[in-house]
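See structure below.
When the chains are written out, they are named A, B, C and D in that same order, and each has its own residue count from 1.
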Amino acid sequence: MVRLLKGVFRIDTMMGLINLEHEHDFLNELTYFRCGAAVPFAGRFRMIDFTLSNMAKSNISEVAIFTRNKYRSLMDHLGSGADWDLDRRHGGLFILPPDWNDPTDISKGDLSHFHNNRDYFERGKSDYVLISGSQFISNTVYQQLFEHHLETGADVTLLTTTYQDLLPEHNGCIKVKVAEEGSVASLTNDPKNPHVFSGVYVIRKSLLLELVDECIADYKNHFFMDGIKANLNRLTIQSYHYDGYSSIINSVDSYYRQTMALLETKSYKQLFSDGEHVLTKVGNQAPTKYSGESKVTKSLVATGCVIDGEVDHSVLFRGVKVSEGAVVKNSVIMQRCTIEPGARLENVIMDKDVTITKDQVLKGAKEQPFVIAKRRKI
Amino acid sequence: MKKECVTMLLAGGVGTRLGLLTKNLAKPAVPFGGRYRIIDFALSNCLNSRMHTVGVLTQYSPLELHKHIGVGKPWDLDRMEDGLTILSPFTEKDGGSWYLGTADAIIKNKNYVERYDPEYLIVISGDHIYHMDYDALLNHHKEKEADVTISVVEVPWKETSRFGILNTTDNLRIYEFEEKPTNAKSNLASMGIYIFNWKVLKGYLEEDAKLQESKHDFGQNILPAMIADNLQLYAYRFDGYWKDVGTIESYWEAHMDLLKEDLSLSLNNNEWRTYSHDSNFAPQLIEETAVLHHSLVNNGCIVSGKLDHSILFENVYVDEGSVINQSILHPGVRVGANVFLERVIVQENVTIPDGSKIAASKNEEPIVLSNSNLKAVTI
Amino acid sequence: MKKECVTMLLAGGVGTRLGLLTKNLAKPAVPFGGRYRIIDFALSNCLNSRMHTVGVLTQYSPLELHKHIGVGKPWDLDRMEDGLTILSPFTEKDGGSWYLGTADAIIKNKNYVERYDPEYLIVISGDHIYHMDYDALLNHHKEKEADVTISVVEVPWKETSRFGILNTTDNLRIYEFEEKPTNAKSNLASMGIYIFNWKVLKGYLEEDAKLQESKHDFGQNILPAMIADNLQLYAYRFDGYWKDVGTIESYWEAHMDLLKEDLSLSLNNNEWRTYSHDSNFAPQLIEETAVLHHSLVNNGCIVSGKLDHSILFENVYVDEGSVINQSILHPGVRVGANVFLERVIVQENVTIPDGSKIAASKNEEPIVLSNSNLKAVTI
Amino acid sequence: MVRLLKGVFRIDTMMGLINLEHEHDFLNELTYFRCGAAVPFAGRFRMIDFTLSNMAKSNISEVAIFTRNKYRSLMDHLGSGADWDLDRRHGGLFILPPDWNDPTDISKGDLSHFHNNRDYFERGKSDYVLISGSQFISNTVYQQLFEHHLETGADVTLLTTTYQDLLPEHNGCIKVKVAEEGSVASLTNDPKNPHVFSGVYVIRKSLLLELVDECIADYKNHFFMDGIKANLNRLTIQSYHYDGYSSIINSVDSYYRQTMALLETKSYKQLFSDGEHVLTKVGNQAPTKYSGESKVTKSLVATGCVIDGEVDHSVLFRGVKVSEGAVVKNSVIMQRCTIEPGARLENVIMDKDVTITKDQVLKGAKEQPFVIAKRRKI
């Protein structure tokens, strides 16, 4: 039993699984060479940091990641997991790229990850699995979700949230209709339902493996759709409502919008409440240096920047240089970009190591920011 | 396992002249430069100079310091065979005693040094701000075939009386050491960085340990004895930026130096990086009303006020209408609205109420602000 | 950051009764069981009991001990927020003093403990051999709503005079503590493992610190004072294997115990593993002429002789014709040909020449062999 | 310049590269699911440990690994590189699986690794690259090889050795004919030439990249064959002779022979000279326990074993259990196998986690040992 004396839940009986299989490479030029989970976000993080930090801060001590393509930069970012306190003798971080060689394998989609990593799941000591993608951005811990799951005795518990203002990015999400006491009545794509499934859910490991086997035997290719949603009547599925700050990012549009949203002090303080909650790869940048000529307003600025020019309503990642007379507006500028004197950028998303030469002018639209691939000199 | 060279980093100083800054903190652990601690400069020099065998001698209020250093991971000093070792005072079969002076601290850790059977011992200090290649120093030592090499820096002639001054021949051989001379013959000041041939040094340390009246100090006892014996002591001229941050004034000055455009020491120098622990705060949020000039700002800050010639460590908030001049705000400081600070060093987690005015005039020592003196110093 | 429970591991003992074994080595760092050091058992218990906030108090000859512990990696105690912290003696503004007793060592590190604002403090010792779930102990403490819980083990009635004996009521409430009683009323001996409510303990420690005549010791001062004040002290019965390896005889016995088939403590227990550093020696090479019975052998050994009831640490050679009975050979020992050893503990890197005979008879204390007494004890 | 004062060579100007691209999966059942480099060897190591340890002990602080298939167990084994002291802020260990997405890529064979990791090579600060495979087993440091390379000013320097008794495994190797002063006159497959190229060589990084470009432009697929051997006349190629103990393992036959060779005290002491030279993944096994009934002769035994039976001329990896009355002869038994009472094994190579049931008898031939795949119960 996981319930011990006096309401102490042993969250170390639950492992984390970040399943990237069915996430699209949504960010055009920025996802040519990296998966969405590895896209830089919010000035110093990568998309996956939020989910991974939530798991780490929940005292989940073992996390596995399913990934199929473009995972090199993800691996570079995550390293041994030490920066998330996940380089452990017991548990730790397991990145599971598709390196398998079973000629009899008939599994498809994310089911092939489960199938080919069956040993891994069977060997582990966890009784429960918390499954998540990387596109739900939030700052939380999963203790209460887990307790809710145990208390209701459900087969599966989904983390849901409500967006009063429905945005285009919510169209791609599964909407939840809840019956009495949190029990899930239906899972649809109803564009008007504001109750959104976050992609985070808890399931007993033995049930997970059972459903995986059924799906594979039936030539299915999507564990959640085919194993859970399709069995809505057979399984008892609970929802747990999360009401903290969150956003969903699955397109250039939502990436840009949700980035800019963080310039609002209230959103910033909500997403980054609790000080050092969101963990990321350790850097070694000096504090950002503002010269006598700098003019910076309403912006998010990482360390290692040197700012001599003007920056407004923008996000600067680590080590960006904005030279004298340069102007950056409504833009996202990634690591180690250099904006030379007199250049002007507006509504631009710029991947890392780009140099914008003297007096260059680039301007995208708010509805369609101009995305520039890495290591260019323009 | 033999190593050519062992580095001993002296980090046990009390730092009395830093007042409140070292009340519960070893001097090398005092925050510096917006994200570092003072000792990071010496440790980063070790990494960049490829000095991989480093003993760190600690004694005074070491809890924060030890936590910061750990096994030396940020400086790549977590190594299998050698790496970083913290050397605190300890007892043996016949009892123990505290480190009585710099020389005493070394000889009490003879067992540590001899484990590596080194040719050379480098002694450095954990409370200076500088970028220096100890390997170049070592090569100089070898070229001169010296017994001892002392790193020196030229100081203005009018300040010679504040330093240990070395008098040398034209080829930099040292024939005299004068502690704070009134009429200096030279303006070459010792930086407190020494290379010794270990075998030679060990003899002197063992002799010195027997002397009841000795201060067991390199500058006061060991080096004078070596000069008296006519050993080969050479000076090595260092011409980069170097600052002993031993007083509140110099600690503040070193920060103002960091803001100069043309300083030879740069925190953004990719060829000589300064390493430290990284915090996990979000990027700084610069608000609509903020004005930032000649300032350094770290992660997790929210700035709505006006900064000039100031340094914000991580997680500092400065609210609207506040003006911060020539000040240093340690991690977690909260500055309310319409506050005025000038020449103030605010210690960790201090909250300054709306409308406070705290300023030191140009001739005064900068004010160190803690919760204990907050009311007293507000104008 | 708040933690429910902080563990303080006492590892500063001199271990006088271990003679040569602790000449230059803290007792917790003494090699044990073919690849471990004594402290590994307590640290592995912390890992297996999920006690993640551990202060290790050291004082005596700690160089090897600190190197062994590092930041606690083998025990998963290298953690961001808490993990393992080494707490050596230090000085403060008003000078410093050594740890005078077990209680004194805790109160001197009050700042460390209070950083975590714990409800409970577990005090354990670094020199016992046992597998114990401290979490179960903590649960017992909570269930009883105790102020203090002391872990106890039943000892044979005839040995009660060697232990601190606890007299309890039927429901295990402690009403009396007798140090080495001649006519014991109970055979429940204290294991030196305590859980305190931190707030309660702190009061007693602060009072005790003021008493000039106190030994500042838990067993002698703090617990008697608490019993006198009628606090809720409970005993927790531990029924696994437990051994204090404080004498050469008991150190040797504990090794012989490890060779028993039916011992409740097993080094091969996958549910309760004992962690330590791993060496990088090749697998042991067992030669044509070797005979091994009832023995433990580690990596890097080359065995051509005959072992019976013996334990070989890593990198030990035993040449042809040699017979090793009931002996413990520390790392790097070289046993020549035709040597006879019985009831001998051979220290690190000792080389025993061909044909040597060294034996302690059954009634004698086992012989501890070092390079210094090698000639003297050879028959 | 790398040559400093008084003959101090700065080996930190050289990086290591372990190129597994052209190594076959030579070990039948044992390489179905892992590459040759990850095959367990000598009781507690993996093949790659020898090369990697030589690099680490030479103070090479950055090592990259080219791998294409079946690299999962290699990744598990190597982790962050900490066990080889290679988890560094500067340099460290880089495992480079084939995760690249360049539609214009025309490179083949190992050249595609070089091509797709060009950024990585260009970013690094090393001037020289030491390239090796994983099949040359030795205990050495590369300082002298590097010094020789610098002193002769050669373009490429090959590490060679001489086998007086030529064995089948040497047939697959390149043989070296040396002219005056170590200069390489020819590289052939002459079956009678005892001077064997170890697969280890040093080359200047800039030249390496130049030759890579040439090879790719010419649709080649093997860097050493097409870039170096084919340019024997154009390049100055030196040899450096290594005369310590070594072996080459590229077949079941050579694996078994070279394993058994280590039971000779002299070979054992030569390969494992210098105490803890060969580094491997840290384990946590107790010392091996010999009961009153055990009879063990001429065998290599790792830790964590419990031996109640008879073992002769065999190698036992970690955690093997040999029960009462069981007999193991001339066999290699990998991690965590259990030999139940009364079972008899002779000339067997057994992968990990195999259980041999009570009184079972298995016997291979010396010339053809019986190889058993992992996790069986027989």
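Rule of thumb we're sticking to: a contact is a pair of C-beta atoms (placed from the backbone, for glycine too) under 8 Å apart; a residue touches a chain by one contact, two chains touch by 3 or more.
Since the structure is predicted, the reported quantities are computational estimates derived from the model, not experimental observations.
Set against the C-alpha centre of chain D, every other chain centre is closer than that of B.
Pairs C-D and A-C differ in how many C-beta pairs touch across them, and the larger number is found at C-D. For the pair chain B and chain C, the distance between C-alpha centroids works out to 39 Å.
Measuring from the averaged C-alpha position of chain A to that of chain C gives a distance of 46 Å. Rounded to whole angstrom, the centroid-to-centroid distance between chain B and chain D, based on C-alpha atoms, equals 46 Å. Contact of a single residue of chain A with at least two other chains is seen at positions 89, 284. Among the residues of chain B, those touching two or more other chains are numbered 74, 275. Chain D meets chain C in the complex at residues 42-44, 263, 265, 268, 271-272, 275-280, 282-284, 286-292, 294-304, 306, 311, 315-316.
Listing the residues of chain D that touch chain A in their complex gives 32-33, 69-72, 79-80, 82, 87, 89, 96-97, 99-101, 284. Contact residues of chain D toward chain B in the complex are 4-6, 12, 85, 88-90. Put simply, chain B touches chain C in their complex at residues 14, 23-24, 58-63, 66-67, 70-71, 85-93, 96, 98, 111-112.
On the chain B side of its complex with chain A, the touching residues are 33-35, 74, 259, 261, 267-268, 273-300, 302, 307, 311-313, 315.
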